[in-house]
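These are the structures in question, set out in turn.
Here come two complexes built around subunit A, the first alongside subunit B, the second alongside subunit C.
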Partner chain A sequence: MPKNKENHIWLKATILFVIIFLSFYLHVTNGMFDMTIPDVVKTLFGMGDNPKFSLVIFEFRLPRIVIAILVGVGLAIAGCVLQGITKNDLADPGILGINAGAGAAVSFFMLVFQFNASRSDGSEWLKIMSMPLFGLVGGVLAAGIIFAFAYKHGRLDVERLLLTGIAINSGFGALALYLTLKMSEKDFEIAALWQAGTIYNANWAFIVAMLPWLIILGIYIYRKKYLLDYFQLEESTIVSLGINLEREKIKMLLASVGIVSACVSVSGSIGFIGLMAPHIARQIVGIRHRFVVPFSALIGAALLLLSDFIAKTIFAPSELAVGVVVSIIGIPYFLYLLVKAR
Partner chain B sequence: MQTAFRIEELTAGYENNTIFENLNASIEYGKITTIIGPNGCGKSTLLKTIGRILKKEHGHVYLQDQDMQKLSTKDIAKRLAILAQSPSAPPQLKVGELISYGRYPHRKNVNRLTPEDHEMIDWAMEVTQTAEFADRELSQLSGGQRQRVWLAMALAQKTDILLLDEPTTYLDMAHQIEVLKIVQKINKEHGCTIVMVLHEINQAARFSDTILAMKAGEVLANGKPKEIMTAAYLEKIFNIQAKIVDDDGTPVCLSYDTI
Partner chain C sequence: MKQSSKIQKIIMIVAPILIVAVTFISIIYGTKDISLHTIWQSIVNFDKSDPDHQIIRSNRIPRAIAVLCVGAFLAVAGAIMQGITRNYLASPSLMGVNDGSAFVITLAVVFIPGLANYQMILLSIAGSAMGAALVFGFGSLIRNGLSPVRLAIIGTVIGTFLSSLATAIAMYFQVSQTIAAWYNTKIHTVNMDMLLMSMPFGAVGLVLALICARAITITSLGEDIATGLGQKTKAIRYLSMFAVVLLTGTSVALVGKIAFVGLVIPHIVRFIVGIDYRNIIPCSILIGALFLSLCDLVSRYLNFPFETPIGVVTAFIGIPFFLYLIRSRGGQRHA
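Right, the complex of A and B next:
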């Protein structure tokens, strides 16, 4: 008997929570200046008497940590859905061009409204709140184009989906680059950094803007998680069971496009989380999505939080874009999967 | 005669390749009907089209006198189940879990099985003799066991009609008969209408009430095994010269040669 991956679920979940907590601890205590644990705890519970500490924690470190966790969760869940629908372990929101579409739309937004998220202090509420919407439009547009090409004879052809995704990805990437080139030199620098995937300028407004998307669509996907189990069968069996395959695929895809767009609009394009997290989750808990989805979310959060900690500290005082750190971890993992798949 | 399916002017195929055009046929309710015919004659295509796995181009299929076009896919799933030719599932999937998938069309809360669901799953496992490996993973089963598990999943769907696309493919002789005997039991003891595609004409003759013979996208004959299993028909259908003998009322093709 192979060992049952579904054993010790709670232990595994606890270990992940501990990893997230440790990353949180590292993240919150390290930075421009280090803080001791008592300082952090005191400040967190409002008992601190050092205004500099509460500024750093509440205005800089905490929003950044929360965003890293949320974006990690979002990308991981979206990755789960995409891998489930395409039956391809190498599917990732980034590879599918959704990131790039949302990215181009947000670049457009930055250019037209002369608003730069990374420079914002969070006072321009309306603009911040409408940014995920713009991202969503771009993401849906990219997804729409991909579907239009991947849809053939009334069904979604997965191979075409992946191939058009790659084409759309570079197309929108080029568009975003063109748009950023139109910006002033200073804006360009920041926009380019944002596109590489960065969350160092996080603030609470971003969190408020993306949270509803993540909660609503996340719950939707979690409630539909059984569909991802059924999607592991081949299509004729799924249809035989009375599942409206094409419609359910599109609904799930749209939900994940929504989540990815919200993530991209606050953090730029961060690849590979959506690829790695579900894959690691399946290694740990098996193939049933009632476990895979929540574990992916936890792993995504842990991965991004750790990566962001590395991005923040490795070349301190200068920062690396977290997207770059994730790619440095992600590319070898991707290659490993490719080699293993052969 | 009560019909399970009435097929009118049906045209279907793949992409730009029409397999049959304006096909008419009817399939009796409560019986075992086997579709036979040479490779590429459209027998699997017909089965898939009446099971709405393949979209028809035009024409009508009536499921017990109701136009299937007007039924939702979930309602259809409560009335007919299809076992695909070589179904696939993740090798790590548990047998019991896969069989429980068959309950999907009847479930209101998909995340929890009701006592009725359990009852049906147990029944399906009993009929197919798969209960003993309910906790095993699919990868640990032999081909014959796996096919019985898939059959159990289709049974758990608790439909009046079961469509089977070459249910004996890749099985050795003993396991082929084992599967067909289960199919026969499902029909005789539980009144389930069976429509299946088989390659082996002797098995078709032994296990069917009706044989529907196809060739090049057309229905050549539709009748009792005794009427279809004749040298004349087999020559028309398969281009073979066959020697037919009678085995206790069942026609058997003893040997054959190309013409």
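Right, the complex of A and C next:
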């Protein structure tokens, strides 16, 4: 029977890929002006003769789509890891305040270096590349505070974890607001929009900046995914398996914070993807992280791509911050989880 | 008990003096230097054509008063919520009350523009009631949902949801800017009309709170004791929630969302004067007013000559305190 099961997994994965592809199709053909499929295909393969089309596709739509997919994958994986480490279904980088910490650090970076990535045309490579690093510092700081407060008597208190997250969220949010107020008016508006979670100023430089983080840390997490299964066991059992529990936990945590920081520095704070994707994945493929991690990644990409499509088109020509769309979809789901858990 | 009443007397005497002093400072100092003489003239001998007089009359004085009132309102609202829910984390900003009010205001700005000020205040109060009802409704749906921590989480999440919805609606109808003015603290725009209009609502709330004080003390001891003492717990609960809604609704209508005042002040007050709400509520009024006017002063000078939103200041003070509360009392044992 295991063979049969594997087939199911592939079938499910295929369905997800189809969904992602459909979202991709919607995203790439709709926008300020609609394009037909032949136009898109021609332009994509360099056979188009309309320079306007290739400008729109290569400079605006494609980077945005790629970033939506990457950020979706990153947040979903990070959510998986956090839920695994904390043994808690309600953990999410946004709820825990890691987003906010990274966000405050990136705001600080923007202020100090008088640099606003969303406005940049991608020519300031060094600065764009160092943004995720700053985000990482903030994210690690936030994660450090959260875990310092949540550890008591040598174990992680889940409720306290969430509460500290709320506090850290509003604290770093206030800090970021304070920092952005020191910027010029123009920068402030963009920074405020960026904090709400938005990817419409995407360009290729961002992708290059976040890709190494996502690939290296993503592979690391994927290779260590069996640990996430072990974390679900009793602590004494894990220790008796010869695993240095605390050290592995911290390594996994750092990896996920790194991914989140890279995502936040590019797209601002987008919550609830990291919460929803692993949940949906577990409903589809069960609890083994061998499947949960890749499936979460796919689901995260699909969710964020669809949300971004909604954000882009629903109130066109004005853009809604994608973070807002994700919260409106994600929060009812979160409440549903809470109600169902009773 | 004797000692706490002594401390309370000291507070009752010292706090008003400090309040007067801070208010005085906040009227005298501002971005524009105005001499004491001019200030006095603007009060006793108002000259419409003099810009300095206008600044004092239509900006600094209303602002100083508004900050005092809102501080008192929010502190009392927080104290009542913590008392009747026996929840050490209850507070208007954590329980979706602020966000509910801001959400309804958004709807009003979009769908029924041109409302008078007093109608806005009423709507804001209705919104507070809605937010609170949503959060507590969900809390009672969920197992263990009314425990301090769970309720705080539900409150935060529903609050985020309401404000996301409001953002989307505001975006769609292109009134983001108007809404932003309502949402964010807008102390600098307070005017005398609005202030006078909202006073009655707030005053009713405060009086209700003072009347209920004794009953709240009893409720805070536990349901069984309260019922045993012959108290109509349900009625008290509704009445005091009504006071909370009046107080927060008015506050949001006046100056927008301000977090952490309603959480922090009642704790400090309880620490000083003990558990009797007949002492806690009057002291919350005084200390809340003092705290918020101090924050307002700080907010004006933190980034001089630009103002920092007062919410940033209250957050910087409130969050370490919140963390301390979690650290010392949080966790499953108390949840």
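Worth a mention:
Quick note on the criterion: the second predicted complex is superposed on the first by the 321 of 342 C-alpha atoms of A that agree within 3 Å, B and C clash if a C-alpha of one lies under 4 Å from a C-alpha of the other, contacts with A are read in each partner's own complex, and residues count from 1 in each chain.
In the analysis below, a contact is a pair of C-beta atoms (placed from the backbone, for glycine too) under 8 Å apart; a residue touches a chain by one contact, two chains touch by 3 or more.
Here the structure is a predicted model, which means the values were calculated and not measured.
By the touch criterion defined above, A:196 lies against subunit C but remains apart from subunit B after alignment on the C-alpha atoms of chain A.
In the superposition on chain A, A:333 makes contact with neither subunit B nor subunit C.
Once chain A of one complex is fitted onto chain A of the other, the partner contacts of A:113 are absent, as it touches neither subunit B nor subunit C. Once the two complexes are laid over each other on the shared chain, residue contacts for A:151 go to neither subunit B nor subunit C. Within the superposed three-chain model, A:53 lies out of touch with both subunit B and subunit C [touch as defined at top].
Annotation for subunit A, partner touching more residues between subunit B and subunit C: C.
Within the superposed three-chain model, A:182 lies in touch with subunit C and out of touch with subunit B [touch as defined at top].
By the touch criterion defined above, A:222 lies against neither subunit B nor subunit C after alignment on the C-alpha atoms of chain A. Looking at subunit A, you'll find no residue that touches subunit B in one structure and subunit C in the other.
Interface residues of subunit A, counted against subunit C in their complex, comprise 90, 145, 149, 152, 157-160, 162-164, 166-167, 170-171, 173-175, 177-178, 181-182, 196, 271, 314-315, 318, 320-321, 323-325, 327-328, 331-332, 334-335, 338-339, 341-342.
In the complex of the two chains, the subunit C residues touching subunit A come out as 89, 94, 138, 141-145, 149-150, 152-154, 156-158, 160-161, 164-165, 167-168, 171-172, 174, 259, 302-303, 306, 308-309, 311-312, 315-316, 319, 322-323, 326-327, 330-332, 335. By the touch rule above, subunit A contacts subunit B in their complex via residues 2, 5, 153-154, 226, 229-230, 232-237, 239-244, 286-288, 290.
Chain contact summary for the complex, subunit B toward subunit A: residues 15, 48, 51-53, 55, 72-78, 81-84, 87-90, 92-93, 97, 101-102, 104-105, 110-111, 137, 154, 157.
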